[in-house]
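Chain naming follows the written order as A, B, C, D, E and F, and within any one chain the residues start at number 1.
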Amino acid sequence: MEIFELGKIGLLIGFLLVIVGFWGVLQQKNIIKIIVSFTILNTGINLVMVALGYVKGRTAPIIDDSVEQIGNHNVLNAIVDPVPQALVLTAIVIGFGVTALLLAYAMKLFKAKKSLDINDFNDLKW
Amino acid sequence: MNNEIIYSVVAIGIGLLMVIMAVIAILNKKLSVAIIAAGVVSLFASVLFLLMSAPDVAMTEAAIGSGLSTLIFFYVLNKIKRQNA
Amino acid sequence: MKTKNIFISFLVLLIGWFLLTWTLDMKSVLIGIGLTGMLAILFCGSCTIFSEIKLTPKAFAYTFIYLIVFMGELVKANIDVTRRVLSPSLPINPGIVKVETRLKSKMARLILANSITLTPGTFTLEVHDDAFYIHWIDVKHAEEAQATEDLVRKFEKILEEMYG
Amino acid sequence: MLRNLLIAIVLASFGFIFYNLYQSYEPQTELTGIAAHYAENGASEVGAANLVTAVVVSYRSFDTLGEITILFLTAAIISFFLKLSKEDEDKIITHRGTSEILQTASALLIPLIYLFGVYVFINGHITPGGGFQGGAIIASGVVLAIMANPNMTINHTVIIWVESISGVSVILIGVLGIILGGGFLDSTFTGYGLGEFGTIFSAGTIPVIYSLVGLKVGAEISNILNLYQKSQKEA
Amino acid sequence: MEIIGQIFLLIGSFSLMTAAVGLLRMPDVYNRVQTGTKASTLGAIMSFIGLAFMTYENWGEVNWVGRFLVLVIFILITNPVSSHVLMRAAYAMKIPLSKLTVVDKLKEDINNKVLEEPKDE
Amino acid sequence: MGNIVIYISITMLILTLLAGLIRFVKGPSIVDRVVGFDSMTITSLVMIGVIAYLSNRAIYLDVAVVYGLLSFLGVIIVAKYIQGGL
């Protein structure tokens, strides 16, 4: 029954997504495809971080009546770790900014050479 | 306690779906399909965040990670299509 | 005219605020009134969409009738879909027909189009002036008048009472 | 061929690392360290029911300040990259007419979306959500408006003003925290009680800061989207 | 009260499954969108109403009803609109109708210049 | 009793998700794929409702509203892209 723990499942899926994303970043030749793989990688890492903060059988860190029911009037026994969640919140917004920036570069690169293939951009290759 | 098992089953189902979608996103030749598949991965990630008791993160992922990113991707794709024609 | 728009938008938004917060706590209500008023003044000066309904008791009565009719149609639609999908021979006979509507109000046209989409076997495909082009999964009448009689009239009558 | 082999080796080593990490991971059973402190004292120190909000806006508000700065910089860099020439600026693209149904529905939905966005960031300390999510929802309202009328232009001056004023106000409230509270960006002012727990006025300046952050983020994301939309005009 | 809610939830999930079966069996895009939209809209609404009934014990303290009502209204407005826009795009893309189709008034009207042609770009 | 109903409906929802996935993988045209996407998002919307009921937290439903809004917007964006009107 160990496999049926939610934290471990989240961790596993996160790792799988990270590997798939890495594969895409390394193997693809199209710039847009690379950026898509990058967003998948991003999602996987966020999943790993949230899964690390999950505690079995507990509820979201928002204190109201149901928290007191679950934890016997003790908040410490009722909620999951709020710190990774706050971290991931920041990470997602910054990931959006990074994606937007990458896409702006991609647009400029396409305008310069009319191609999206990464092998065509070899000006700095020696 | 029963809840935990239901959550796990849902998480395994959604997780398999996400991994399949991610592989589709990378292997499919058409860019638009790849982008939609990446959007689906983000949307299901948000359900998974909710299962792991992180509603704030789920909301952010649904709004920013999936919706607005997809929009920007499609703007870029549209412009590339326009310039190619 | 403009103040009427703003006032009705304000009321609709305030109802939305109450649905979301579900409390009669004085501070929350005051903040809600302030915010919805601000939103209504900023964005709803020119949106006539909320204020097209006639403000008479009769219109409200017809709203309820409409809801009942619509819910009945929705359930019928679902039974219809189930029957079609689960029967092994897949009994479909699709086509695109044209119907006419007399409605002028934008909101009423939106409601009509949505209702057509959610009723048994029909789907709004294109809207052009008075003509609605409808994808019908089981075409019975290809001519315009007959199809209009079949698909549109039952909603249109009620909507005309509501929106005029 | 060599390339594929190298990729396979890299992925296999990553897989090995992740497998070991997965094997040696033991799930937490109770809160430790800083999380326990936040859980125990968050309600009394900050007054926010949503502990994630408490961490983001009060305990770690410097991070949030950095985050909105990064978003602002991103918007600035993108606007530098996607700058249009004068003649492109005035060009009008002819679109196929948008469906009337979509236009009506967007007119109906947009005020409701704005209301929901405002609800999300005003109630950020009671319900899930907050400035970033609310800002994203407001930006998606703007997106819907653009989708319904493709030639709509967002007034750039308004965006700049909203963004600047809310950004400056966040800093001003932070400075006010030095005078009235415990330090820069402290959300609990002395002489300004926390109020009843779980109501809308219960967390000091958190609702104010989050509303300003929401407006700022909404304006920034709208600005980025607007730039991308305008860039379609360029041939 | 709870029994009513459970019945509604079951009907709702069953409708969603019908939508899925329709999605798999129908011959062309237009019919798929048709069945998909109708069944999934009703399925989602029924499930939400059922869940709202199932939580009747704490209606007073926690806001279940208001949020479910917002969701139901939202789905009723948006789902038909999005499918309409999607189907219109499919027609503009000139995806062929299935061979079973008997009549196409829209094409006739476009050919007769009553309506302008929905063109790409 | 209550649990059995939840089990059955969760099973149905997962089957629906699978059907959407099959349509997404098979779909000859891009519109078919978007229809599959739409079906999957609505199903997961209901799933969020069930999760909120099971966890007894009404606040999870706020996430569902955002999710529905953004999936609606996603479908409209793709439709506009197909038409070339973006």
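The rule is simple: a residue touches a chain if its C-beta (ideal position, glycine included) is under 8 Å from a C-beta of that chain, and two chains touch if they have at least 3 such contacts.
Since we're looking at a predicted model, the values are computed, not measured.
Novice: Between chain C and chain F, which partner chains are common?
Specialist: Under the touch definition, chain C and chain F have D, E as mutual neighbours.
Novice: Quick check on the contact network: minimum steps from chain C to chain D?
Specialist: Counted as steps through touching chains, the separation is 1.
Novice: Among the other chains, which touch chain B and chain D together?
Specialist: Chains that touch both chain B and chain D, as defined above, are A, F.
Novice: Among the chains here, which has the CA centroid at the largest distance from chain C's centroid?
Specialist: Computed centres place A farthest from chain C.
Novice: How many angstrom between the C-alpha centroids of chain F and chain D?
Specialist: Going by mean C-alpha positions, chain D sits 24 Å from chain F.
Novice: Centre to centre, by mean C-alpha position, how many angstrom separate chain A and chain F?
Specialist: Chain A and chain F have C-alpha centres separated by 20 Å.
Novice: Report the inter-chain centroid distance for chain D and chain E in whole angstrom, where each centroid is the mean of the CA atoms.
Specialist: 31
Novice: What positions in chain F touch 2 or more of the other chains?
Specialist: Residues 18, 34, 55, 57, 59-60, 62-63, 65-66, 69-70, 73, 76-78, 80, 83-84, 86 of chain F each touch two or more of the other chains.
Novice: What residues in chain E touch two or more of the other chains?
Specialist: Each of 19, 21, 33, 41, 62-63, 67, 70, 77-78, 81, 83-85, 88, 92, 118, 121 in chain E touches at least two other chains.
Novice: Among the residues of chain B, which ones contact at least 2 other chains?
Specialist: Residues 7, 51, 53, 55-56, 58-60, 63-64, 67-68, 71-72, 75-79, 82-83 of chain B each touch two or more of the other chains.
Novice: Show which residues of chain B lie in contact with chain F when the two form their complex.
Specialist: 2-3, 6-7, 9-10, 13-14, 17, 20-21, 24, 30, 32-33, 36-37, 39-40, 43-44, 46-47, 50-51, 53, 55, 58-59, 62-63, 66-67, 70-71, 74-75, 77-78
Novice: Going by the contact rule at the top, pick out the chain B residues touching chain A in the complex.
Specialist: 1, 4-5, 7-8, 11-12, 15, 18-19, 22-23, 25-26, 31, 34-35, 38, 41-42, 45, 48-49, 51-57, 60-61, 64-65, 68-69, 72-73, 76-77, 79-80, 83-84
Novice: Once bound in the complex, which stretches of chain F touch chain B?
Specialist: 3, 6-7, 10, 14, 17-18, 21, 24-25, 30, 33-34, 37, 40-41, 44, 47-48, 51, 54-55, 57, 59-60, 62-63, 66-67, 69-71, 73-74, 77-78, 81, 84, 86
Novice: Across the complex, what residues on chain D touch chain E?
Specialist: Against chain E, chain D makes touches at 96, 99, 101-102, 105, 108-109.
Novice: Residues of chain A touching chain D in their complex?
Specialist: Touch list, chain A to chain D: 5, 7-8, 11-12, 15, 18-19, 22-23, 26-27, 52-56, 60-64, 75-77, 79, 81-83, 85-86, 89-90, 93-94, 96-98, 100-101, 103-105, 107-108.
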